[in-house]
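Letters A, B, C and D name the chains as they come in the text, with residue numbers starting at 1 for each one.
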Amino acid sequence: MTDLYLTLAVFLLVNLLAALWRIARGPTPADRLLAALLFGTTGVAVLLLLAYAGGGAALVDAALVFALLAVITGAAFVRRIWREESNGHS
Amino acid sequence: MIFDLLLAAALLWSAVQALTTPDLFRAVVLFIVFGLLMALAWARLDAPDIALAEAAIGAGLSGALLLDAVGHLRQKRRERSP
Amino acid sequence: MNAPLIYALTGAALFVFGVTGLMLQAHLLRKILAFNVMGSGIFLVLVGLAQRTGIPDPVPQAMVLTGIVVAIAATALALALARQLLDQSGEMRLPEEEAGKDKLDV
Amino acid sequence: MDILDLLSVVLLIVGAAFFLAGTMGLLRFPDVYTRLHALAKADNLGLGFTVLGLALQAPGVAAGLKLVLVWLLALAASATLSYLIARRAFAKGIVPWKPEEREP
């Protein structure tokens, strides 16, 4: 099972690398932020897989904090940067 | 091993992009991503306590601080050149 | 070549990037980003080199844990100072940097 | 390998497939709203199946419940943020993408 966990973790990491491309491209700021949110979720999954591949149960706590605090970035983005008055492509 | 190499490549690439991209907002988002990748690196280095702190700080706190600063900067620019 | 050594080498490269960015960028927010990248590189070197034999070493890990918390506090202070500078002078750069070398971006 | 392990493997692979689908959607879809849709797939189903597959391997009930708690937190976060971003995008006047009219 450990081999499967590590293989899936590598697969998800390749997914993350693909999402980096969207951050570099994305026309609107929201697209870049969405890719960052995908990073958060996939990071949670990778941490959980690493925890069960012999990393220890403490990594599950780290994943919990990951999932909890990913919201703050998005909320700060919507409240502080992406206002109505500026146009959509700045 | 391949996981570590991929993660190191992603760390280096996101750091270079965050430091060289002309768009300030893109730089900040790439820095947030860099923090998330650092948390994964700490998890691989058998340091779950540092991974916990880096996840809380890199993902939540510094992202909010930097985005707030960028928002303030844009607001100033808009006030100065309407 | 084992995994901690890879991370130590990555940390060395990150330190170089951070110092380069810190010296070449005029914009203060970019300087802060470069400073953080530099600090992350140092942390990686500390922990990665300490456990290159494969055994986790708790002392550098505790030091790095403290260092991360201090780094975020310093970042918050630097951002507050930069914001004050922006309010007072309208510039997001230090007065020592020569003006007009690169365009002020957002 | 007993039936529980087999079920766990299947669930983990399905979860990884949903993550792949979410990433592909994020890369290929045309505008913000459709990308939000793709992100929700990765958030809810991908992480959900991964968590279920791992919870079958958990050493105890408490560890399994903690995994499910991670998933519930991610669900709440994803739902809130999707709503915030979509509402703000609509308020800013970003028009939802429509497929072009096919030539007759």
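One rule holds in what follows: a residue touches a chain if its C-beta (ideal position, glycine included) is under 8 Å from a C-beta of that chain, and two chains touch if they have at least 3 such contacts.
The structure presented is a predicted model; accordingly, all values stated were derived computationally and were not measured.
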Subassemblies held together by touching, chain B left out: A, D | C
Chain located farthest away, centre of chain A as origin (C-alpha): C
Interchain centroid distance [CA atoms averaged], chain C/chain D, Å: 33
Inter-chain centre distance, chain B versus chain C - centres from mean C-alpha coordinates, in Å: 11
Where chain B and chain D are represented by their mean Cα positions, the distance between them in whole Å: 22
Separation of mean Cα positions, chain C and chain A [Å, integer]: 21
Residue numbers of chain B (touch at least two other chains): 25, 44, 46, 49, 61, 70, 72, 74
Chain A, residues touching no fewer than two other chains: 33, 35, 68, 70, 75, 90
Residue numbers of chain C (touch at least two other chains): 106
Category of the chain touch graph - line, ring, star, complete, other: line
Chains touching one another, given as label pairs in label order: A-B, A-D, B-C
Chain C partner contacts - residues on chain B that touch it in the complex: 1, 4-5, 8, 11-12, 15-16, 18-20, 22-25, 27-28, 31, 34, 38, 41-42, 44-47, 49-50, 53-54, 57, 61-62, 65-66, 69-70, 72-74, 76-77, 80
Chain B residues touching chain A - in the complex, by the definition given at the top: 2-3, 6-7, 9-10, 13-14, 17, 21, 25-26, 29-30, 32-33, 36-37, 39-40, 43-44, 46, 48-49, 51-52, 55-56, 59-61, 63-64, 67-68, 70-72, 74, 78
Touching residues (chain side chain A, partner chain D) in the complex: 1, 4-5, 8, 11-12, 15, 18-19, 21-22, 28, 30-31, 33-35, 37-38, 41-42, 44-45, 48-49, 52, 57, 60, 63-64, 67-68, 70-71, 74-75, 78, 82, 84, 87-88
Chain A residues touching chain B - in the complex, by the definition given at the top: 6, 9-10, 13-14, 16-17, 20, 23-24, 29, 32-33, 35-36, 39-40, 43, 46-47, 50, 55-56, 58-59, 61-62, 65-66, 68-70, 72-73, 75-77, 80-81, 85-86, 90
Chain B partner contacts - residues on chain C that touch it in the complex: 3-4, 6-7, 9-10, 13-14, 17-18, 20-21, 25, 27, 29-30, 32-34, 36-37, 40, 44, 47-48, 51, 56, 61, 64-65, 68-69, 72, 75-76, 79, 82-83, 86-87, 90, 92, 105-106
